[in-house]
Each structure stands twice: as C-alpha cells, then as structure tokens.
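Contents: one structure, followed by commentary.
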Amino acid sequence: MGAPFTADTLQGPKIDWFALSPLLVLLGGAMVLLVGAALTPPWPKRWYAIFTAKVAAAAVVLEVVLWHRVDDKGPTTLVGDVLHLDKVGLWIAITICVGVFLAAMVTDDYLRREGLDGPELYVLYMLAAVGGIVMAAANDLIVLFLGLEILSLALYVMAASHRKRIESQESGIKYFVLGGFSSAFFLYGVALVYGGAGSTNFTKIVAAFDATVELNRRNDALVLAGIALLLVGLAFKVAAVPFHFWSPDVYEGAPTPVTAFMASVGKAAAFGAMLRVLLQALPHWSDDYRPVVWLLAVITLVGGAVMAVVQTNVKRMLAFSSISHAGFILVGVEAAAHHGGPSLTGSGVSSVLLYLLIYSVLVIGTFGVVTAVGRTGDAATGLAGFRGLGKQQPVLALGMTVLLLAQAGVPLTSGFIAKFGVITAAVDVRSYAVAIIAMVSAVIAAFLYLRIMISMWIAEPEAGDDAREPVRVPMLLGIAIGLSVTFTLVIGLFPGWLIDLAP
Amino acid sequence: MIEFPILTLLVLVPAVGALLVAVISKRQPDLVKVTALLTSVLTGGMSLWVLFAFKSHNPDFQFVSQHTWIKPWGISWHLGVDGISLFLVVLTGVLFPLVIAGVDPHHDHKRYLSWMLLLEAGVMGSFISLDLFLFFVFFEIVLVPMYFLIGGWGYDNRVYAATKFFLFTMVGSAFMLVGIIATAVLAKADDGRVTFDLIKIAENATFAASTGRWLFFAFAIAFAVKVPLFPLHTWLPDAHTQAPTGGSVILAAVLLKMGTYGLLRFGVYLFPEAAVWARPLFLTLAVIGVLWGAVAATMQTDLKRLVAYSSVAHLGFIVLGTFALTTTAITGSVLQNISHGLSTGALFLLVGMIYERRHTREISKLKGLQKVAPVFAAAFMVVMLSSIGLPGLNGFVGEFMILIGSFATARWWVVVAASGVILAAVYLLWAYQRVFHGEPDEDNKAFPELRWKEASLLLPFLALIVFTGVFPKPMLNRIEPSVNKLLDHVEQNSDWQQPEPLEPVISEEGEG
Amino acid sequence: MIAAVATPTTTWYLLLSAVLFTIGVVGVMVRRNPLVLFMCIELMLNAVNLSFVALARRLGDIGGQSMVFFVMVVAAAEVVVGLGLVVAILRRKPHATTDDMAELKG
Amino acid sequence: MLDLVWLIPALPLLGFLFITVAGRKLGDPKAGYFATAMVAASFAVTVGVFVDLMSKTAEERTHVRTLFQWIPVGSLKIDVAFLADPLSITMCLFVTGIGTLIHLYAVGYMHGDSRFSKFFLYLNLFAFSMLMLVLGSNMLVTFLGWEGVGACSYFLISFWHEKESAATAGKKAFITNRVGDWGFMMAMFFAFWAVGSLDYSVINGAAGGLTKTTATAIALFCFLGACGKSAQLPLYLWLPDAMEGPTPVSALIHAATMVTAGVYLMVRISPILEVSSSYAPTIIAIVGAATALFAATIAVAQNDIKKVLAYSTVSQLGYMFLAIGSGAYTAAIFHMVTHAFFKALLFLGAGSVIHGMHHEQDMRRMGALRTLMPITAGTFIIGWLAIAGVPPFAGFWSKDDILLFAYDKSPILWLVGLVTALLTAYYMTRQVIMVFYGKARWHDAHAEHGAHGDLVEGARSELAPHESPWMMVAPLVVLAGLSIVGGAINLPFSHNTERLVSWLEPVVVVHESTTAKLPLALVAIAVGLIGIAAAVLVYAKHKARVIEPQILADAWGYDRSVSNFMGGPGRKAFDGVVWADAHVVDGAVNGVGALVSATAGKVRKLQSGNVRNYAAAIGSGVVLLLVWFVVVRGML
Amino acid sequence: MELFVFVVAGAMVLGGAVGVIVRSHPVHAALSLILTLFGVAVLFVAQEAHFLAAVQVIVYAGAIVVLFLFVIMLLGVDNAEDLRIEPFKVQRPVAVVVGAGLLAMIGMAIIVSRKATVPVVTQSQAVQDAALEPHDSNIKALARDVFSDHVLAFELTSVLLVIAVVATVMLARKPRPGELTPLEPKVGAQ
C-alpha cells in the first residue's frame, strides 16, 4: 500500500444560498415536476399549471424579500463575483417570474385543447426562467452566455413543442439554426473581449480599462470587434432589425402560449443582459456603441411598425409590433448609455425596466386572448378569426381592446406610461430626433391594433362565421387575461408607486 | 379649506356613468338609457352651476382643485376654469344630454351610450386640466370613444373614416407628447424639479427663442390637426360624413374646439414669443382655410359633407382671431367657439333628421321640403342664417369681433377673410334652395314635419343662437378678463404690443 | 524557408480560428441540409474554442480554457436539441431541406 | 316722446313675434290687419317724435337713446342705441307711412294666399329691420338692419319658392347684397381702426381729423355697400329679378324703402365724403349717372309691367347717387322721398292691374284698362306725370334739384341726367299707353296665362278685369295725393320754402348751388314733354316705328354674361379647388398611407421564410457592425 | 517544430472545414468535420491545453459526430445535396461578400492588436499553485478554476443538460398512431 491518496482541499467561493433562493426554487420546482410527473400517474387537470404558477409565485416572494434586503444592505455580487444581487437584476427576475406565472395559466387549457399532454413544457418554462434570471443578473460574460443558452435552448424546444403543427416544428428549427448561429457570434465576441481585457468578469473588465490610461484604439481593436459581435448576439435575442427575421416566423409558428412566453420572458432577459453587457461591462465604450444602438432603435421602430401594416395573421402582427416595442426599449437603452455605467442608474435604465415589466404583462394578456381565439388547432389566428368577437365574447373583446390600446400607447393604460417613461428618458438626454421617430412609428403601429379592433367590433359578419367553433375562455386563461388587463389599467391610472420602485 | 370638487366631478361623473352603463345588463335597455341620461344631465347641471357660480370680471382660474397624481414625474391632477374655458365646459355639459336624449343610434345603445359618456368625460377633462400631462391624457383618450362611435355607428365608409381620424390626430399628438415632455424637462432647469404644471411652467420657465419655437410647433401641429387648419383638414369631411348624427354633433361642437382652445391655452400662453413669431404662417393658413373650406363646401353634393367643409371655414376665422392677438379678436374667437358649436351642431342635427326621414344626404335627391315641412324649413333657415353670420344671431357677433379686432394687426388677412362671408351665403343659400325650395317631387312629398321630440331638441339651440346674437354681454364679461390676462402675459414675454385702443378724436370743425 | 519564419504566435492561431469561423458562417449560408447546417455551427464554436485557448495562452490565464470546457457542454447540448428537432421535423417531411421549411414567411 | 323712439322699431318687431306665434290662428285677413296696425302705430310714434324734434332748436335736434350694451369688448363698445335726428326721422316717416299703406294694400292683394300670415310676418320683420337700419346710432346697428332687410327681401322675393325663378331670384338678391356688405364691413373696420368707434356722431365728428386716404377708403367702401343695396352698377343685377316677389314687396322693398338705404347711408356719412379725396364723390356721381342712363335705356324695351318699373327704380336710384356725388345730399333725400311716393304708387298701381288681370304681367296683353279700373288708372297716371318730371308734380322738383347740382359738378353729368329724364318720360308714357289706352288686347290673355304669375287662389273666379278692393285702392289714392303735393316739402323758390334743406341742415352737409335755376328747370320741363310726346307719337298715334332693340330688352346682355361667367369659368374654378382638395391635399395624406403599405409590401419579400436568407441578413448585419467598430471607431 | 505542427494541424482544420461545406453528401461532411475536430485537438495540445484536447477528441470527435452520423442513418437523409444549383441567385454572392467582410474585419482587428499590451491577469491562489506543480498542472489548474471561480457556470451547464434531456423526451417521442398525418415531401424551391 503506497502513500495514501490525499485530495488537497479546494477553496470554493462562499455561497450566499438565500440570495440564490429564487433560482433554486425554480430549479427545484422544475425537478419535482419532471421527476414527479414521470414517476406518478398523470396529475389531475390544471395541477401542472397551478404547481408551476405557485413555484413562480414563491420565487417572486423570495425576490421581493431580497429586494428589501438590497434596500437595507445595498447591492452585492454572489458566488465569486459572477452574479449580481441588485435591484435591476431582481426587477427583471420578478418580471420573468411574473411572466412564468401568467404563461403557465395561459398554457394550461391550451395543452389539453391541443391534446399535447405532459408537464415538460412547464419544466422548460421554469428552466428557461432560470436562464433568463441568470442572464439578467450575470456579472461574467461566460455565465451570461450560459444563461442565454439555457433560455434559448428551452425556447427552441418550446417553439417546436406542438407536435401536430408542422409550422411549430418549422419555427423551432428556424429559431434553433439562427439562434445557434447568432450565439456563436456572441461567443466569439466573448472570446475577443476576453482577449482584450484578460477576463470575462465585468468587474475585472472595467478595472482593466480603467487601468489603461487612455483607450488606445490600436490596442483595443480586438475589444471593439468583440463588442460588435456581442451586440449581434444581443440584438438577435431582442429581435432588433435587421436581426429580427426569425421572430415573425417563430412567433407565428410557435404554440401561442409559448409565443407569449418568448415575447415576455425572452425580451426581458435579453434586455437585462444588454444593460449588463453594455453599461456594466463596457461603460468605457459607450461612445462607440451608442450610435449603433441609436441606429438599431430607429430602424427597429420604423421597420417593425411598417412591416406590421400589411400582415393579416394576428400573431404575426403582434410579432412585428413586439419588434417595434423592442425599438422603444432600445431608445431607453440609448438614453441609459448616455449616463454611462458601470452603475445601472439613471432615468434610462429605469424607463427600460418599467417598459419591460409593463410590456411583459401586456403581451402575455394579448397572446392569452389570441390563444383563446386560436381555437382547437391553434390555427384561427388570422384577422378573420377575430371577426365578430365583440358580439360573441364582449368581455373578452373588451379586454383585448384594452390591451391593444395599451400596446398602442393610449393614455390611462400602462402602455402609455411605459412609452412616456422611455420618451422622457430620451428627451432627458436631448435625443429629440429618436423620440419623435419613436412616437410617429407608434402611430404607424397603432394602425395594426386598429385593424384587430375593427375585425372584433366593426367588421360585418360573413357566411360561415356561425359555423365556427365558439371561442371558449377557460378559467385559468380567463384569470391570466383578467390579471393582465387589471394590471394594465391600474398602472395606467396610478403608475406613481411603480415608477418610484423602478431603480 | 376644502371646497366642493366640482370640476373633478365634472370629469368623474360621466366616466362613472360610462362604467355603470357598461356593466348594466343588455336586457334592461331602459335602465341603460335612463342611467346614461341621468349622468349626462347631472353633469350638465353641474356645468351650469359652474357657469352661475363663476365670478365674472375675474381673470383667474376658478374652482381650482389640485392633487398630486404621479409624484415621481411631478404630475398633478390640476383642474381649473377661466373665462376662456368656461363656456366650452358649459357647452359640453349642455350638449351631451341633448344629444344622448335626442339622437337615436338605432343599435347597440348600451355600447353607444357608454362610449358617449366616456367621450364627455374626456372632453370635459381636456377643457379644464391645467397640467400638461393631464391635458394630453384627456386630449388623447378622446380619440378612443370617438373612433368607436364613428366606426361602430357610422355609415358605409366608416372604417376608413374612423381610422383616418384616429391616425391623423395621433400623428399630431405624437409631436405634442414629445413637445410636452421636452417643455417639462427644459423647464426643470428654471424651476428646481420637473413639473408638468401649466401655470408654473408658463410663469416661471423661459425658453431660448429657437427652443420655444420648436416646442410651440410640436404643440401647434397637434392642435392644427384637431382644429383642423388647412391643409391638415381632410380627415374632417370624412369623419363628419361617416359619423353618426350624434357623433358629428359632438365632433363639430366640442371636439374641434379642443384644437382652437389648445392653441390659445397651450400655444400662445406657453410660448408667447414663438406664437408672435409664427403669426404670419397661422394667419395665412387660417385665411386659406376660410376660403378653401367655403369654396369646397359650395361644390359638395352631400349635405353633411357641405356642413363639414363649412366648419373648416368657420374655424379658419377662429384661428385668425386667435393669432391676431388683440383683446377683441381673441374674445371673438372664444365666443365663436361656442357659436360655431351651437349653429353647426344644430345643422348636423337637422341634417341627421333629414337622413332619418329620407335615408339620403344627397342634395340632388332632396327637393321642395319647405312646402311639405315649413316649420322644419324655418328651423333650418334660422340655424343657417346664424351660420351665415346674420347680425342678431350668434354667428355674427363672434365673426365680427374677430374681423374688426384683427383688422388693426392683420389687415390684409382680414380683407381677404371677410370675403368668406360672401361665400358662406353662397354655399348655404344654394344648398337651401336645392333642398327646400321648388315643388317637392314624389320621394319628398311624404317628408314628415318636425316632430315635437325633435323640436324640443332643437329649441335650446335656437334659443341660445338668438340670445347669444342679441345679448352676448354676459358672456363677454366672463371671457374678456381672462383674455386680457393672457394678452398681458404675451406682451410681457414677447416684443408684442397690441395697438392701443384709439381715443375717438373729435375735431372742432366738423367738416374738413 | 520555413525555418526562417518565427514560431507561430497567438496571432496565427487567432487568424486560423477567424478563417475557421468564417468558413462556418459561409457554410450556414450556403448549405441546405439541416444536419450540415449544424455541423457548420459546430465549426464556428470550434473556431471560438481555438481562439479561447490561444488567448488563454497569451494571457497566461487558465480561465480561457475553462471557457472552452463550458462551450463544449453547450455545443453538446445544442447538438442534442438540434438533432431532436431535426428528427421531429424530418419524421413529418422526409428529405426536407431548410429551403423546404419556409411555410412561415411574409 | 323722444325717449320712446325705440318704440318705432319695437312695434313691428312685436308684430313679427306675435304673428310668428299666433299668425295661423289669426289667419286671413286678421293677421294682415294686425300687422298693418303695428306699422301704423309705429308711424304714429314717428310722427310724435317728429313733432317733438320740430319743437326743438336746430342744434338740439339730435337725440340718442341707448337701450343696452350689445358688444362691449376691449375698446369696441357697441350699444343698441337709436339716433333720432331730422335725417333718420324723415326716413322713418315715409318708411312707416308708406309701409302702413302697403301693408294695407297687401291685405287685399294677398287675400286667399295659402301663406297669408307668413307674408305679413316677413313684412313686419322687414319694417323692423328697415327701421333699425335707419335709426341705428352706430354703423353696426345700421348693419344689423342692413342685413335684416337683405334677409327679408330674400324671404319675400322667394316667397313663392315653388317657382324656380323666384327661389333663384331671392338667392341672387341676397348674395349680390353680400358683396356690398363686404364693402360695408370694410368701411366699418377702417372707421373703427381710424376713429376707435362706430358711432356716427364720433365718426362724423372726427371726420376733420382723418387722413384723406382713410376718409376715401371709408367713403368708397360704404359706397360699395350702397351699390349692393341700392342696385347700382355693377351690382344692380338682383333688382329686376326681384320682381319675382309679390307686388307689394316690390313696392315696399324694391322701390320705396330698402333700396334707398344705400342713399341714406351715404348721406349719413356725408361729412366723411366731404373730407375724402375729390375723386371719391366723382366716382359716385359717375356711377350714379351711368346707372341712371343704363337702366333707363333698358326700361324702354321691357314688356313686363313690373320690369319697366324695376329698371326705372334702378335709374332713379342712379339719380340719387348722382346727387350725392354732386354733393347735393338734401336733393338726394328729397328725391328719395318723392320717389318713394310715386314709385310706390306706380308699383301698387301695377299690382292692382296685375290683380285685376288675374296675374297677367305682360303689357302687350293689356290696354284700354282705364275704363275697367278707373281709380287705378287715374292714380297711375298721376304717378306717371310725377316721375316724368311734369310740374308741379313731386318728381319734377326733386329731379330738377338734382340736375341743378349735377350741372355744378359737371355739365356732362347734367347732360346724362337730362337724357335719362327724357328716356324716363318716354318709357313711362309708353307704359301708360300700353296699359290703359289703345285697344284691349287682354281677351286672349287668360287662356294660356291663367296660371302665369302670382298664384292667388281667391282671384281665380272672375274672368274679366276688374277694379281692386278698397284696401288696395285706398293706398293708391293716398299716394297719388302725396305724389302731387310731395314737392311742397322743398320748393326752390326761397330759403323759407326749402323746408327740407333747413330741416336737414344740422345733420347733413348743405351746399349752395351757384347756377341760375330757372333756365335749367325750363330745359328739364321741355325734355320731359318731348319724351312724352315722342312716346305718344310712337305708341298712341303710331306715327313712328317702335324702337325696342333686342339688346335693350336683354339689358345689354350684362346679366346674361355675368351668369354665364358664374356658371362657366367660375364654377370650373370651384370644381378645381374641390379636385385639389381631394387629390392634392387629401391625396398627400392617403399617399403617405399608400407609401407605407407599399414599402411594407416590398420589405416583406425579404421575409422569405428561408433560414439561409435570414442567416445572410444577420451576416450582413454583422459585417456592417464590424465595419463601424473596427474601421470607423478603431482605425479612423 | 511548433511551426510544423501548426501548419499541419491548420491544414487539417481548414481542409476539414472546407470539406464540411463543399462535400454534398452529409456523411462525407460529417467525416470532414471529424478531421477538423482532430486538427483543433492537435492545436489545443500545441497550446498546452492537454485536457481540452482529450475532451475534444472524446466528446466531439467521439460522441457528437457519431451522433450526427447516427441521426443521418436513422432518418436516411443520406441523399446527396446538389450544390451546383442555388435557388437563391443572390445567396452565394452574399455569402462570399459576408465571409470576406467578416474575415477582413476580424483579421484586421487581430492583426492591428497583435502588438497590444497584454493585460495582466491575476489568478486565484489555488490556480497559481496548481500551475506550479510538475505534472498534470493543466488539469489541476483547470479543475481548480472551474470549481472555484466558475463554479456557478459549471452548475449551470447541468441545467443545460437537463433541458437537452427534456428536449429529446419531448421531440423524439414516438407519436401515437394516427396522431400525425404524414405530409408528402415538398420539393424545395428548386
């Protein structure tokens, strides 16, 4: 017997488990659901959804608790300085969990209606949420990348999860190919920045560039190229023109609840990541990327709005409108970039966060209605599907109207508050041009909301309308829509407290 | 001290009414109607109370109520009435019950009424809000009910008209929103923290000339669309023609006034320097509008469209008066807001009644109605003459004040605009002749005479038309002080001086 | 000749990886078979890995290598998912190329 | 009594209101009598006021009675106030006086009309407006009346609106007047701008302080207004058409009262006219003279009994403006009064004839009526002598007065006036002969012309021409009397006999004529007689060929060419605007929309649905970003 | 020597890569991929990343490519893809331009910054000691780095793998009979 094998002890970073609790809860929930559902006979109706909603709710609660902790102790970083525990991160985490909460309820009846059994979709929701939260809280490029991959992979699968609709699978594979493509670019960007800065950790990166007295361009060509590629990855995720092409197809093809999830959670996480990367990791380079963000914002606003005009499928319309919304948020990001980082403060950041939360709730509600109207087969999402909704389901139609008006940014709805915040931020930093463009493109976008409202309320019924399967509004879906409408109106009337909260 | 929040109620009561109507079950149509009517009547009553409690010869805002609304953005629920807005509020308050009681939408009463009440709340709000943000909220929210009224209860081409109306106006508001925010943000520099309070900004903030002009235009575009000022007027004929009678009445009587009112309250008051600077442009557009509208009206074949174009002409006069920047002219404009509301509103009612009877608005299809319905014709005649601006009726007073008041500061524009008076006679008399004179043909023989319900609906209009024409003094007493205050503000904040009122020179030797 | 040239520096490796990456990109654009598309993406990832390792060496930092480690896991997961998707869709549309998967458009 | 001046317009207004409410109940003929009573009452009041004024010294003969503030804003202080002074009261006297007579006449004339009460409603409203016009102490109240009478004449001309022509005529009258009103408004604006008030007292008082240009502007703009109201070139067009209205209307509005409003206005502001540049009065005089001659020539060839009188009215009004232009304001008023007498008389006579002829208006179908309607004929003949300028009838004195001042102004104007007088005598004689003398040509009339003209149900029964009822004849007699003695109010023999002049002196500028009056008077008489003689030769004795060239019958084609222009190029221009509105202005709006959707249509092609294209798009995006970062930001 | 290795391996890498995108037959493409992967592994070794080299060979060349081949065979999609024709005329030109641009830009960046001052990187203590050890320092250092500084990332990879599992469960599950109506293969754009 030779010398006894001795493993030398490894000094891991100290881990603040409570700070990670939201992540753990979601993970745990996912595991329980996955394993539990696998081992036990199929759960009764609605249980999967309710379970997921409860998990999300629990996560929200924990995040709120953490919020207060941050209020007291101030922001910190976790697990060896790779995760942030700050209000921005928590805000987006909350947004994401709210998204999961609502999306789960929207999904419930849908799955039964479409005969797509099984809890996997919910598992993916929760896991994707983990990825999103990590993205938005990351303080390290590689962690951020992993979060991004978790979210993306989950989304690819979800998009393709409607086994009976070939469109669903097509959208899944499209999303996958383009997603992989762009994340490869992102990764390359990470590599180049790593090469230029000597680390992937935001804190270290900032430190490195603080050290270099004056930014010598020749030295930092690598970093610049890296930033470009990082931007590509992020722009793809937020579906900014011209990296938006995937989104209309995927939104249309994916099962409607999943579309809702993408539009809310996906966007929130992606913009969180964008704020982190641009403002927190690369504040020194704001002069370099701000013009790009400006341009992206403009073409995204206009492009999204204009292209929506000619669409006839509501899911597709909403896809383009969500592109246009992304443009609005980019305006906020641009404004935030004026303040510079690495601390995430200023009207720009808060306007972006406000917009994200409001829009997430809004868009899930909207797609919730589309889910109901899609009817069995999830195919009746054309404008025709909405014809006469005002007569058959006046309440539902009214809710949809409120949500659409909010998306159009009509006052007394949350949508207006969101736009107002972003425009204020933009005007604050004197970028009037982009503000005007944003508002005008909002008008163009309004046209498509009007078209939906027209077919709901005004359009004359046509032959065979009565033969159509009636639109059902099951309980959970109804609750979800109701919640989002209520939120929309409440925030529209009394936004003060929310604005106060926004960091 | 806590005084009765009358203005807040002016907004809330109809809003609540709208909700009530919306929640009441479809199966009780009568209950729906009663609720709607009661709330609107209540609102009207309150507006009248405001009118009587209003202290005349007092230039300041009255019944002011101010509460913080969105603290972080310095936005407050700030309402107040002064001479400029007073009568618009009253007009709104009085008009809605009449329309709700008198005009039948024929289907979906529940939705119709609830939109109507929401509309009333919005209009009221935009006339009494003294906070830029608040004003914008109301200004914008008005679009929604109007959109649905046109789209839901309008005629053949309603979707196009409604959409056009919505988007056209929204483009204007888009600029105004940015303007509002920019104003507040820039004003912050002068007054510690950001505020959207109209008075605070107007009194404290000072903008660089160029900035002020940009901001002014951001506002002016929105209002120019709303007025509508040539060449941004083309949404109006479509909207009017397609809107249901009730909608047209409201649209003409109060909605358009949000534009002229806005120009005065938020254009001239906030940016005097810019307003003075932009005078020539607006005067010119206004005058073009007067002639253009009149000429276009002359050749219309659709009675409603004709009236719509006449609105373009009339509002041209109002804008002319606004930018003449003299006490007389602006007071005239404010008065003309009301007069036009009355006469054009009544005209639309009458046209609506004709449509109810004949299911056409084509002038060529109508003939000799005066013979079969003399009373109806008489009513139409009176309203028409007031619209033509016959002295002794309301239309004349405002128009004359505008013209004579503007003559000193905008002579050549007046010289041209006055010829609009001739054209007014042309298009209305011609239309009247074609519709009412001659021997009625087969289709028109059975044209029913004015009914009591309709008569009682028209009576208030006629009464006000005559009263305002004969004895406008009480109105002027309430309007003028505020106008003077406004003009003082303008003169202090710009190089503008309105010509001194001449002292009549009595030369000794009577003949030269 | 060759001896005259100095030993390959990091830059060489970086350039090599850039070329490899580009080839991957071009591949994604020109190939129609979904599987080959995935392979091209793998090429891109490998190129990145190469850069990571090269840069890690230049920086004398092991971190770069752990990046590669993670990237490999990601790549694996991606392939699994991707192939899953392909299986799912090709079951419905045998022999479909990406060009055939263009129902959603406009 | 003076403070009751407001009663003068108030009473007809009262009548109007009462008839509006109770007219139908009163019915035919009570409503008519009621209306008549109202006007009569206001005549009584007027007389009272008149007496009151007479009792005062010349200086105090101006009294202002303010009722209430109308439009008090800023420096603009406009009251509803009445000005009782010799000028206005003179007007009131004959407005109310003749008004009463014509009301009475109308009771008979309109008997049996379906809208009997409505007619008197309008008539009273007219009386009210006319009196407002006259009594207004500031331009705006005058304008109120001014527009009011315009509206009433519109109502009354198109009273029988079932007739296309009537409706059109009414509209034409209103719109043409509006053109004049534009001038009136301009005058007001200038006056207010220059003087800061619209009160006649202030304006006239300040006349001395005005610059020539301002004064000229005010004067000429007022004259433009007057041209509209008083049917002068080029705006006279509406008056002949106005004959579509019932004959009492023609008599009251389009002969005696309303059309003289322009003259009244010019006299009102005579001080301004005095201080304006010399060309202003000249222009007025020329326009007046031209109109007088122009209309007279046309009257020569008219066959419609009322058309002749209409053109004659235009011509006489021309006379009055000639007077004003020549500075003979009193003469203008004088002629206005006398003209009111005999022209009203003539119109009512014509009405009586038409009534008797069952609404036949074509003189060629009349003749020899003097036997059948002796009173009408007798009175008509008096009127004829008066207008023809035969002494001692009223017309002679006033016309003579005008010619006198015209001669002062310029012999040419005098000559024009003279020729007009000749023609007047000629065509009036022609009319008298055609209607009352010669052989009866009316037997064949009814067959095809039964329904022609004014549709009065009651008068359908009898067939033969007949004398009219008393309430129609009585006014004729009264007016005939006035036409005979009317001249007495202003006889040119001495200052004492020039009562009107001395009466108006305090308010109206009075010039002294330097020319010898007698010779001119003799010439005028001679000319008048020649005219009569000529007509007699042509139409009674048939010694000479009838000269009625088509061009004259067609009113020199002026009216036609104007309406052709309106219907042609004018309408085209309007259509052009409408086209532009739809295609240019609105076209731009819709164009934007079309553009957006077109672009969208193009862009959506990029959304090909093919992954590889999307990848290419992303790739290009990458390259662009890299170019920006690496090249633009990194190298440059 | 190192130069030689670089050239050879580089040749393998590029050759393989080119092979992947020009060989019309997917199987051949997969095989050329293996070539590339091996080349990369060799370069790893040259860069003193021995552990990664091993993983590269085992995981990539071993597992992943085999997976590819397996799927190809499973689905029988081993039909050659005709690369001579290109339905989208612009596609290849664009591809070339993009490729050229990308290469040019990144290459430029790399070359420009080749003389850049290398930032100083401070390793965590554990990693530093590991680096000093005589043998398998690379593995130790890597392990320490992964499990200390990047422990969270490491844990996240597990989530990734869970998702992969769920994905396969969801996507590759056999459809119930009659659940899916097979669509006739659509001929592509050509």
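The first chain written gets the first letter, and so on, giving A, B, C, D and E; residue counts start at 1 in each chain.
Heads up, the rule we're going with is that a contact is a pair of C-beta atoms (placed from the backbone, for glycine too) under 8 Å apart; a residue touches a chain by one contact, two chains touch by 3 or more.
Small disclaimer: the values here were computed from a predicted structure and weren't measured.
> What chains touch chain A and also chain B?
Both-contact set = D.
> Just to be sure I understand the contacts, which chains border both chain C and chain A?
Chains that touch both chain A and chain C, as defined above, are D, E.
> Out of every possible chain pairing, which has the most C-beta contacts?
C-E
> Greatest Cα-centroid separation from chain D: which chain?
E
> Between chain B and chain D, tell me the centre distance in angstrom, where each centre is the average of that chain's C-alpha atoms.
Centres of chain B and chain D (C-alpha means) sit 37 Å apart.
> With centres defined as the mean C-alpha position, give me the chain C-chain D separation in Å.
From the centre of chain C to the centre of chain D is 97 Å.
> Quick one: chain A and chain D, Cα centre-to-centre, how many Å?
79
> Provide the C-alpha centroid distance between chain C and chain E, rounded to the nearest whole angstrom.
Centre-to-centre distance between chain C and chain E: 4 Å.
> Two or more other chains in contact with one residue: find those residues in chain E.
As it turns out, chain E has residues touching two or more other chains at 91, 94-95, 98-99, 102, 105-106, 108-110, 112, 118-119, 121, 149-150, 153, 157, 160, 163-164, 167, 170-171, 175, 180, 183, 189.
> Any chance you could list the residues of chain B touching two or more other chains?
Within chain B, no residue touches at least two other chains.
> Residues of chain A that contact two or more other chains, please.
Chain A, residues with two or more chain partners: 142, 146, 149, 153, 156-157, 160, 163, 166, 173-174, 177, 181, 185, 192, 198-199, 218, 220-221, 224-225, 248-249.
> Give every touching pair of chains, nothing left out.
Pairs flagged as touching, ordered by label: A-B, A-C, A-D, A-E, B-D, C-D, C-E, D-E.
> With touch defined as at the start, can you tell me which chain D residues reach chain C in the complex?
Per the stated touch rule, the residues are 604, 607-612, 615-616, 619.
> Any idea which chain B residues touch chain A in the complex?
These residues of chain B touch chain A: 69-73, 133, 136-138, 140-141, 143-144, 147-148, 151-152, 158-159, 162-163, 166-167, 170-171, 174-175, 177-178, 181-182, 185.
> Across the complex, what residues on chain D touch chain A?
Contacts found on chain D: 596-597, 599-601, 603-604, 606-607, 609, 611, 613-615, 617-618, 620-622, 625-626, 628-630, 633-635.
> Give the list of chain C residues in touch with chain D in this complex.
Those in contact with chain D are residues 25, 28-32, 37, 98-99, 101-106.
> Touching residues of chain D toward chain B in the complex: what are they?
68-76, 118, 140, 143-144, 146-148, 151, 154, 158, 161-162, 164, 167-168, 170-171, 174-175, 178-179, 181-182, 185-186, 188-190, 192-197, 199, 202, 204-210, 215, 271, 274-275, 509, 574-575, 577-578, 581, 585-586, 588-589
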